[in-house]
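Only one structure is covered here, and it is reproduced in the block below.
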Amino acid sequence: IEANVGTTLVADVNNYFTVFSGYLVFFMQAGFAMLCAGSVRSKNAKNIILLNILDACFGCCAWYLTGFAFAFGDPVPFEHCGGLEGPALLECEAGDPIPGLSASQAFIGNRFFAQSNLPRSSFWLWFFQFTFAATGATIVSGAVAERCKFEAYMLYELMIVMFVYPVVAHWMWSTCGWLSPWRSEATAAKQSYLYFAGSGVYDFAGDAAVHMVGGVASLAAAWVLGPRIGRFDAAGNPVDMPGHNASLTLLGVFLLWFGWYGFNPGSAVAFSLTGSENYSKVAIAVAINTTVGAAAGTICTLFIAMAYQYFTLGVVVWDLIIAGNGALAGLVSITGPCGFVNTWAAFIIGGIGGFVYFVASKVNLNVLKIDDPLDAIAVHAGCGVWGLLAGGAFSAPGMVTDVYGTMPDGSQRPYGFIMGGNGSVLAANSMAILVVFGWTLAIMTPFFILLKKVGLFRVSPEVEAQGLDVSHHGEFSAL
Amino acid sequence: IEANVGTTLVADVNNYFTVFSGYLVFFMQAGFAMLCAGSVRSKNAKNIILLNILDACFGCCAWYLTGFAFAFGDPVPFEHCGGLEGPALLECEAGDPIPGLSASQAFIGNRFFAQSNLPRSSFWLWFFQFTFAATGATIVSGAVAERCKFEAYMLYELMIVMFVYPVVAHWMWSTCGWLSPWRSEATAAKQSYLYFAGSGVYDFAGDAAVHMVGGVASLAAAWVLGPRIGRFDAAGNPVDMPGHNASLTLLGVFLLWFGWYGFNPGSAVAFSLTGSENYSKVAIAVAINTTVGAAAGTICTLFIAMAYQYFTLGVVVWDLIIAGNGALAGLVSITGPCGFVNTWAAFIIGGIGGFVYFVASKVNLNVLKIDDPLDAIAVHAGCGVWGLLAGGAFSAPGMVTDVYGTMPDGSQRPYGFIMGGNGSVLAANSMAILVVFGWTLAIMTPFFILLKKVGLFRVSPEVEAQGLDVSHHGEFSAL
Amino acid sequence: IEANVGTTLVADVNNYFTVFSGYLVFFMQAGFAMLCAGSVRSKNAKNIILLNILDACFGCCAWYLTGFAFAFGDPVPFEHCGGLEGPALLECEAGDPIPGLSASQAFIGNRFFAQSNLPRSSFWLWFFQFTFAATGATIVSGAVAERCKFEAYMLYELMIVMFVYPVVAHWMWSTCGWLSPWRSEATAAKQSYLYFAGSGVYDFAGDAAVHMVGGVASLAAAWVLGPRIGRFDAAGNPVDMPGHNASLTLLGVFLLWFGWYGFNPGSAVAFSLTGSENYSKVAIAVAINTTVGAAAGTICTLFIAMAYQYFTLGVVVWDLIIAGNGALAGLVSITGPCGFVNTWAAFIIGGIGGFVYFVASKVNLNVLKIDDPLDAIAVHAGCGVWGLLAGGAFSAPGMVTDVYGTMPDGSQRPYGFIMGGNGSVLAANSMAILVVFGWTLAIMTPFFILLKKVGLFRVSPEVEAQGLDVSHHGEFSAL
C-alpha cells in the first residue's frame, strides 16, 4: 500500500486543484449577474439577475442529461493518471489498445447520459466542465437584455448546454474530437497526421468552446431579436442607454477577474505529476498570463477610448465602464493562449485584445446596427477570435511541450509562427474559428427565428417600455 | 524521515483542504449580510449588516471561550490521521485503549476551554468548526430583522455559540456524542449497538446542528418578538413588506451558494488518505450534489410559486426573491445527506426541498402568523428537517462506507430504506429532529421571553417606525 | 523517479497553496473598490473604482518592469525547497557557497527585470508578491479620494510599485535585505550578528512593507493634497462628509477580511515540508490569529466609539462604519505578528489595534487637520506601527522557530520580551518603523509636492464641487 501513496495523493491533489478551480469558475456566475444588473436600466435588473441564476440551474440539468455525454462520453475516458510520468494526461493510455474510433465519435460523445456508468473517479471532470458550460451559456444573457421573454431564455439555455456547446467542447478537448490535440487515436497509432493540420487546435481554457460559442450565439440572438426601442434614433444613429449602477457593474468585473483564476489556471486540470519536474509551473504561468492579459486589456482600452473621444469630441474622458470591458477583453483574449505563451506575449495579446474589443464594439453598433447591451459579442466573440489567432502566433515550444507533451513519435509539437514555428497551429485554430461560427450560427439562428415566429422571443413594446421587472417579477425593487 | 513524507504530506493536504474550505464558509457571512441588507427596508439595512458582522466577531470569542470545548473537548481528539488506511478518520484509534466514557461526555465536551491544552495539530478543526458555529448563529439575524434591539442580539449570539450550538454539534459529530456515528467507544469496544438506533445520525454537513439549530432559534425569536408593525392588517392578513434592493439580496444568494462549496465538501474534512483509493471522490460527489440540490431547489420553487400565483391571482410571475430562497432551500436540504446520496437523488431532494420551503413559508405566515422577514424558519428549520429525513431515505450503501467506514465488526453500516436498507438511519435522524427542536426551544424560548420581560428585546414603536439605522447607527446611509 | 515523488509533490503543494492564496489577496482589490465606492459621495464613486482597478493593472506593469527585480532580484533565489527538512525555506542553501553580498545588494535587488532570466520555478513568488504590491499601493486611493487628479494617481502608482514598495520588501523579506531575518549571508557564514539587532525584523505578512508603506504614503498624499472643500468649517472644525452607501462599504470589509485569509496564512509560503512535522500548523495558526484579531478589533472599536459618543454627546450609537474600520484595524494589527503569537495574544493585539485606530483617526482629523476620507492613515500606518511593536512584545519562542528556524549556530532565535525573550525583536521592528517612515516620506512627499507645483495633483474647485464622475468619467451613474 505504501507504494501507492504517491500516485493516489497526486491524483487527489490534482482533483482538488481542479474542483476548487471549478468553485471559482462557478463564482463567475455572481460576477456576470452583477455585471449585467448594473449595466441595464433599473427596471430590468431583476429580470437579468434571474436569467443569470437560472443559467446555473438549467445548465446543471442540461449538463446532467446530455451535455457531459455529448462532450466527454468517449470510449477513452479523460482521467487524471496518477502514475503518469510525462506531462500529457493521456500518455498513460499509449500502450493500451484503443478501440477503433468511428467517425461519429470524432463528432460527438455517446455515453454517460445522466451520469449513467460514469465512474466516480471522473466526477471531477464532470463538475469542472459543468462550470464551464454554465459560464459559456450565461454570456448570451447580456446580449438579449431588457427585451427577451423569460420563457425563451429558458429554452435557449437548454439548447446551448444540452447540445450546441458540448459538441464544440468535444471537438476541441475530448480524447476523440476531430480538432483535439489530445486525440487518443493519434497517440495509440503513433500517427501525428491524425491531429488536424498536424497539431490540433491549441485552445487552453476555451476561447473557441466557451467564449466564441457564447459570443456567436449572442450575435444570432441580438440580431434576430432586434434593438431595444429607442436604441437607434429615426436616422439610425445609436442613442446612449446607460445602465443604472456602475458600482455593481465593476463589482461584476472584479468577481469575474477573480473567477478567471479558476477558469484559466484550472484548465491545466493538474498541478503535480509523478515525474521529476514540478508541473505546477504550468498553472502558475497561466495565472500570471491571465493577470497580465487583463491589465494590458484594461489599460489599452482605457487609453484607446480616451483618445477616440478626444479626437472626435475634444474632451478627455476616462470611462470606467469601458475600462471594465477592457479588462474582460484582455481576459478573454488570453484565455485561449494562456497556457503556452510567455509573459511578454501576454501583454501584447491582452493589449491588442482591448483594441479588438473597442473596434468590434463600434462596428457592431455603428455599422451592423446591432444592439448588444453588454457588448457580449465584441468581448466574447471578437476577443475569442483574436485569442485563437494569437495562439497560432505566440505559442512557445517549451510551454507547448509542458502542456501537450511531444508528438507520438517523440518530436516537438508544432508551435507559433512568430516564435519560429510553422503555420500548423494557426491553421488549426483558424479552422476552429470557422467551424464555431458555422456550427453556432447554423443552429442558433434558425432556433431564434423560430422562437420569434411563434411569438415567444420578445416582450411586447408596452412591457419593454414599462420594464420587465414590474410586469414579470413582482414588486420588490432592485436598486 | 523519507518514510514519513507520505503521511505528513497527506495530513497537510487534508488540513489545507479543510481550512481553505473554512475560508469559504466564513465568506458566507458576507452572503448573509448582503442577503439580509437587500431584504429589509433601507431604513434598517445598517442595523442588520452590523448584526451579521458581529456574528463573526462575538462568535469567535464565544467559540474560543467555551464553544469548541463543549463541542469537541473529548477524551479522544478528533484528528486527521496521516497513516490512516481506511476512510473513517478514527479507525486509527481502534487498537488504542479508549477511556471509559462517562454519561456526561456523551452529552457535552469538557476540555480545551480557551484553547488550553489544545494541540496545534487540532487547530484546523477549531477553525473549520468556528466557521460553522458562526454561520449557524447568523441565521437568526434574518428572523429578528427590523425590530430587535442590538443589545439583545449580542446576548443571543453569546448564548447560542457558547452553549446551545456546541452541545448539538457534540451530539452529532464528536467522538463521544450519544447520536454520533463516529463514537470511538463503539469502535474500540467493537459494539455496534453503541450507535444510536444502530447507525447514529447521518448528518454530513449539518442540517441538524447548523440549520435546524439556527432555524428553530429563529422560530423562538420571531414568535416571542412578534411581527413588525404593519405586517398584518387589522383582519390578521399579511401585508407585503418588500425589501429595498433585490440586487444585493441575490448577490447574497450567489455568495452563499459559493460559500456552500466550503460548507458541504469541506465537511469531508479529508481529501486524500494513504490507502489505495482516491478519497477525493467523497468531497467531489458532495460538490456535485450541492450544485444539483441548489439547481433543483431553485427551479422547483420558481415554478411552484409561479403556479401558485397563476391559480390564485391569474397572473404569471417569475419571482426572483422566491427563486433565490429556493436556491437556499435546495442547498439546506442537501446539506445533511450530500455525502451519501447519488446525483439523481440530489435532484429529488433539492426539488422537494423547494416545495417544503414554499409550504413552510406559507404556513408560517398565514397559519402561525409569524413574521419572519427573511424566511429563515422555512428555509433553515423546514428544509433542515427534510434533509435529515431524506438522509434516512436515500443514503446509498457504498457512499456510506466511504464516509463512515464499516461497522466495528466489519459489516455494512445501515443505509437508506429507499435504497434497500432498513429504517435505522431514518430512526436516528428522526431522533435528531426531535432533540434539536426540544433542546433549542427549551433553552431559547425562555431566554427570549426573559429578554422581553426586562424590556431588552424589542425597540420602541417610534424607533421601529423611524427605522433602526437613523436612531442607532449614525447618519451614513445604506442604499 | 519514484524517489522524487515526495519532494516534487511537496513543492507543487506549496506552490499551489501560495498561488491560491495570491488569488485571495488579489480579491482584496474588489474589497478595496467596494469599501471606497461606498465611503465616498456618489458623485465620486466611479472615479475611485477606476483608481482601484488601475491599481491592479498599472501595478502589474510596474511589478513586471522593475518591482520584482528590486524586491527579490537577489543572488540567492527565494525558492521552495522540496527536499527541505527544517522549516526555514533557505536552510537548503546552508551548505552552498553564497556569493559575497555587496552593500548594494543589502539595499536593493538587481536582476530579473521584466522577468528576464527568472526561472519558471520562481513564478509562484512573482505572482504572490505582485498581489501584495498591488494591495499596498491601493491603500492610498482612499486617502486622496474625491479631489485627486486621475493622471496624478497613475504616476503615483508607477512610483510606488516600481520603486518605493519593492525596496522596503527587499529589506524585510529577501535573502539579502539588511533587515531580513532570512539573510542567506548569515546562514551561510553561521554568523548570527548579521541579523539586524541579532534577530532581523519579524514581520510575518507585511505590516512594514505593505501597510506602513501604504499608510505613510497616504499621510504624505493627504497632507500635500489638503482637505476636501468643506471638510473643515471656518473655525477649522471638521464637518462630517458621510459616504453614500454603507452596504457597499461593509461588503468591502467582508471581501477584505476574506482576502486576508490569503494575505496572512499565504505568507507562510509553504504548507508542508518533507520533515516529520506537519508544517501546515503555521498557516492554520495564522488563519485563527487573523480571525481573532479582526474580531477583537471590531468589538473593541465598536465599544470605544460607543463610549466616546456616550460621554461626549450622551447618546448610544453603534456605528457600523466605525465597526467596519475596526475590523480592518484588527486585521492590520495582526498582519505583522500573526505567524508567531498565541491565540490569546491575538485577541489583545487586535483589541488594542482598535484603540490605536480610533485614537489615530481622532488625532489625524482634529489635531493634524488632515482629511483622510477612508481613514487609511489611521488604519494602515497607525495599526501597522502597533503590529510591529506587538511582534516585538508577544512573539513566542516555539512559533518563531517554526517560522524562521534556529539561529545559524542552532540556538533559539530571539523572541518577544513579554514572552520571556529579550528586546532584540522590538529593536529590529522599531528600526523597521523608523526606516519605513523615513524612506516613504523622503520620497513620496517631494514627489507629491512636485505634482502639486506643476498643477497635476488636484482637480479644480469647480470639478470637486460637481464631482469627479460627471466631468471625467462619462454619464453612467454609480448608485
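Letters A, B and C mark the chains in the order given here, with residues in each chain numbered from 1 onward.
Heads up, the rule we're going with is that a residue touches a chain if its C-beta (ideal position, glycine included) is under 8 Å from a C-beta of that chain, and two chains touch if they have at least 3 such contacts.
In this text the structure is predicted, and so the values were computed from the model without any measurement.
As for how the two copies subunit B and subunit C face one another, under half of their interface residue numbers coincide. The best fit of Cα atoms from subunit A onto subunit C calls for a rotation angle of 120°, in steps of 5.
Inter-chain centre distance (subunit B to subunit C, centres taken as mean C-alpha positions): 35 Å. Residue numbers of subunit A whose C-beta contacts span two or more other chains: 6, 9, 13, 20, 245, 248, 251, 479.
Residue ranges on subunit C touching subunit B, taken from their complex, read 6-7, 9-10, 13, 17, 20, 24, 85, 240, 242-251, 253-255, 257-258, 261, 265, 271-281, 283-285, 287-288, 291-292, 294-296, 298-299, 302, 316-321, 323-324, 327, 343-344, 347, 479. Those residues of subunit C that touch subunit A in the shared complex are 1-2, 4-6, 8-9, 11-13, 15-16, 19-20, 22-23, 26-27, 29-30, 33-34, 37-38, 45-47, 49-50, 53-54, 56-61, 64, 82, 114-115, 120-121, 123-124, 126-127, 130, 150, 245, 248, 251, 472-479.
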